[in-house]
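You will see chain A twice below: alongside chain B first, and alongside chain C after that.
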Partner chain A sequence: MKWINRIIMAILTVFVVASLTFFLVRLMPGSPVQVMYLELIQKGIPANQAMNQVNIILNVIPNEPLFQQYIHWLGQIIHGDMGQSIQQTGVPVIRLIFNALPWTLITVAIGLLISFFIGVLLGVLSAFVRERWTSSLIDNIGSVAHAIPQFVTAVALLYIFSVLVHWFPSSGAYSIEVFPGFNGPFIMSFLYHMALPVFTYVLTGFGAWTLQMKASTVSVLKEDFMMAARLRGLKQNTIMGYLGSNSILPLFTGLMLSLGAMFGGSVFIEGTYAFPGIGNLLATAINTRDYPVMQGCFILTTATIIFANLIADFAYTKLDPRITD
Partner chain B sequence: MIELKNISKQFDIKGKGHKKKRTFVAVNQVNLTWKRGEFISIVGESGCGKSTLAKIIAGLISPSEGSLLLDEVENKINTQAQRARWAKVVQVVPQDPYASLNPVRKIRSSMGDALLYHKMAKRNELDHKIEEMLDLVGLNSKETLNKYPHQLSGGQRQRLVIARALSLDPDFLIADESVSMMDVSLRVGVLDYFKKIASERELGLLFITHDFRIARYISFDGKIAVMYLGNIVEFGDTQEVLSHPLHPYTQSLISAVPLIAGKERRIEEVIPKSFEVGKVYADRQQCPFADRCPFARTDCYEQKPLLKTYNGNGSSSTHQVACHYAEARELIENV
Partner chain C sequence: MENVLDVQNLSIEFPTETGVVRAVKNVSFQIKKGESLGIVGESGSGKSTVAFGLFNSVPDPGRISSGSVRFLDGRNFLKVNTEERRRFYWEHISMVFQASQNTLNPLLRIRRQVDDIAEAHQFNKKKLRQKAQSLFEMMYLDTDRVMNAYPHELSGGMKQRVSIGLALLLDPEIVVLDEPTTALDVISQGSVLKILNGIRKELNISLLFITHDISVISEVVDSVMVMYAGQVIERGPVNQVMSSPTHPYTLGLIRSIPPLVGDVKNTKGISGSAVQLDLLPKGCPFYSRCDMRMTKCSEIPPPWVTLDNNVSVACHLAKNEGGDKNDRTQEHFKTI
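Now for the complex of A and B:
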């Protein structure tokens, strides 16, 4: 019963955020209708005719009040229709998103899992050698890697591996010579193209996991039950199991939230590598004031984060017996 | 029989800036003999090194100097095999039972891991074996087995960690402040339980406490060791030490215990010069209690007294004290 309430609340939250973004994107300076209208006027088309043309091309009702537009949008969204793109006239937003989603999903998932794995390993290592210089070295590397913004790391990697040594391609998700589908050449080409974006995710992501894991491990190491386990003469593997199952718990929520954020992709990383994912779609939509696409991306991101949080809460009650649902 | 021969443990304290690195002596030249079936209480205030001593005996930390003998054979605990063997000789009942149970594991695996590892139970008879253990300490075994530590009450957890310590069938049991976290109303029950189980199994019981009353209750027929800043300053039969304390520190502690009944006799009050615990570093050669001792003379600051058998006024020969001017204080009648 409690979980049903939570799910209803989550849906309501997504709805409220979606409604807010509806108005927010329309508060941005520059409207696509205005831009195209002025363009046509400049070409010498009379104002009246220009307005009609714009309305036909963009498929909008002229000078419709904002609230009317909202009601109109509400009717669409309830039927699961996110509308059509303004710039790519007539293409449904859903299709644009589903075209972009797999690229983002695969790269970010791989990047996230690798960075989580490396971060957890380094964090445990750092906790074990916490009184030595190695520990502060690991911590500092982690902090610095985490502190450098994604776009700086992305540009640096692009410059080194693509411009200087030509090891990896500089843009795209696959080579033009292969056909997308489940075939060897395409998969190899995709892996080759996603190497740099994944590497960027790993480099900018592992530091945070390292620091969190270290803090968590150090506090578990000091627990009495660790001492009690050594006291009973248990073997090292069992004791490491005791350590791991307790220290990784606090990182779990963070991991679930990151998995949620994954659907949003990274505007900076995908932008730098011209990778056709959600981040890139969103960036293009913002630049061209493509309202329906922007809203579609925002709803996707919000919904996944909110539901990932819900799943994390639910899974936590299964992982940690002290927390009851 | 476990023997401690000149056991010391030092910790390096990092110095910053102009302060040079110093060595802090947590346990200093401790000699102790602990037979099977013998009850010993170690009494001292916080930071006197009694827990460090317990950890050394339990094999959790290795001493900086000295040796640990089991049945007159020198015993080193470095490898996993040695640690596993020692686990079956000495077990500890920790201070905080809740913190010493892994919160994400059920009681079954908290209890069972060690039994399986030490091959004291086969996997198919494990449940039965654990149930026996739990029945022994009066826990409802069927219900407890599948619970998590947080689902038990404080008293149940206390009995559970006792059962867990006993499950490896040790010869010696260390209780590290085991009742200090409990309600006073529950203490006597747990103390009686410790005494009962240790007598039945002929366990050596080392009870670490800061409370003389608990020490007296536990080791009434045993021995008591008073520790101050890492040194044993007085050692002897419990009744002898409590009725004729010789070291000024023991005297000040005993005279500080308030009297309620009014019938007991007590020694005259010995009040230390300061109530702050000092620190003794490796480079100082003085009596550790000299800074606080109301009877300190110049040679107390120059020479460190060693633990010697005291033979004054016909007391028993097992009473040892580390003081240049040890003497029994006058008893005064409390009226």
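Now for the complex of A and C:
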């Protein structure tokens, strides 16, 4: 019963955020009508003719009050229709999102899992050798990697591996010579193209996990039950199990939230590598004031984060006996 | 009777930034089968460090600098390799920890933790669970509930009794109890002590009872050892030490027990605070706080003197003024 309430609350939250973004995106200076109108004027078309043409192309009612636009949008969204792109006239937003989503999901998921794995390993290692120079080396590498912004790391990797040594391609998700589908050459080409984006996700992501895991492991190592486990003569791998399960638990929420956030991709990383994912779709939509696409992307990221949070809360009650629902 | 535990000249030191601090100095004692010994002293006197020394598991960065620890098998336990040590733990010596509430893994049910002990020491899981149940029953615990509970579902006193039960699980010859009742309220304290006394007699197990509260142990132990600044300063049968303490420090400890009835004005604390271990005088470590100090006390370490009543004491006063002090304690006890 409690979980049903939570789910209803989550849906309401998504709806409220979606409504707010509806107004927020329209508060931005500039509009798609203006973008297209100015383009036509520049081509030498007279002003009122240009306006008519814009209205026909975009299929909008000129100067419709914002509130009526909102009512209109509500009618659409209740039917699960996110509208159509303005710039790529007539293409449904859903289709744009579903075209972009797989690229983002696969790269971010791989990057996230690798960085989580590396972070946890380094964190445990650093906790074990604490008060030695190796530990502060690991901690500093973690902090620096975490502190460098994604676009700096992305540009640096692009410059080194793509411009200087030509090991990896600089853009795209696959080579134009392969045919997308479940076939060997395509998968190889995809893996080859996603190497740099994934590497960037890993480099910018593992630091935070390392620091969190170290802090968590150090505090569990000091727990009385660890000393007790040793003096009870428990086997080394049992003791490591005690340590691992207790220290990885606090990282679980973070991991679930990152998994939720992965549907949004990274605007910076996908932008730098011209990777056709959600981040890139959103960046293009913002630049051209493509309201429906922007909103579609925002609803997707909001919904996934809110539901990942919900799943994390639920899973916690199964993982940690001290937490009940 | 043979000694279950024989500790000789155990010294434990901690390297610090300002130099090496000797937390335990030349501590020797023996425990016979079924006997129980109490170690008494204030915080920082090295009691718990001795306990971890017995396990050869002194917390970092401490190290055992000299001495030997021998159990029934006669080997020096400090020289035994890690795997043998692991097997030795809990089968021969077990411990009830200072903060027993936190010594259970919070993520596992009690029965799983019993299973883990069984697996580590190659016991039959089913039999060991039955053993645990009978031990818990001895301690007035609702066994089915406890076995299926997570640690957080039990009260502090229950967890304490679970810890004691776990300590007895593999029939060790000796159980070390490090402040087993300190974190408990008076009522749980009383019941835990009663349980311990009962079990000790029933199972003929040796106990090493570590506490700062001298009033707690008098009914549970046969003999007592008083520690100050990492050294043993007095030891003997508990009733002798309690009724006629010889060392001024022991006297102070006993005088600081508040009486059960009547005025507390006769209760007296020991003046000053525990000495810093790196600033000890050449002579007696208690010199700076002693009411009865003499000039030679600061220079000459007091020799060990064994008195008629089987009490040994390291104090310059021990020979000539023992009787006098005796009377003073008698007075104190009258007022209690």
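Operating definition for what follows: the second predicted complex is superposed on the first by the 315 of 325 C-alpha atoms of A that agree within 3 Å, B and C clash if a C-alpha of one lies under 4 Å from a C-alpha of the other, contacts with A are read in each partner's own complex, and residues count from 1 in each chain.
Basically, a residue touches a chain if its C-beta (ideal position, glycine included) is under 8 Å from a C-beta of that chain, and two chains touch if they have at least 3 such contacts.
As the structure is a prediction and not an experimental result, all values here were calculated from the model.
Residue contacts after overlaying the shared chain place A:246 against chain B and chain C alike.
By the touch criterion defined above, A:228 reaches both chain B and chain C. When both complexes are overlaid on chain A, the residue A:321 reaches chain B and chain C alike. In the superposition on chain A, A:238 makes contact with both chain B and chain C. Across the superposed pair, chain B and chain C both touch chain A at residues 223-225, 227-235, 238, 242, 245-246, 249, 320-322. Listing the residues of chain A that touch chain C in their complex gives 223-225, 227-235, 238, 242, 245-246, 249, 320-322. Touching chain A in their complex are the following residues of chain C: 55, 57, 59, 86-91, 94-95, 97-99, 102-107, 109, 116-117, 119-121, 150, 152, 166.
Chain B meets chain A in the complex at residues 58-60, 80, 83-88, 91-92, 94-96, 99-106, 113-114, 117-118, 148, 150, 161, 164, 168. Listing the residues of chain A that touch chain B in their complex gives 223-225, 227-236, 238, 242, 245-246, 249, 319-322.
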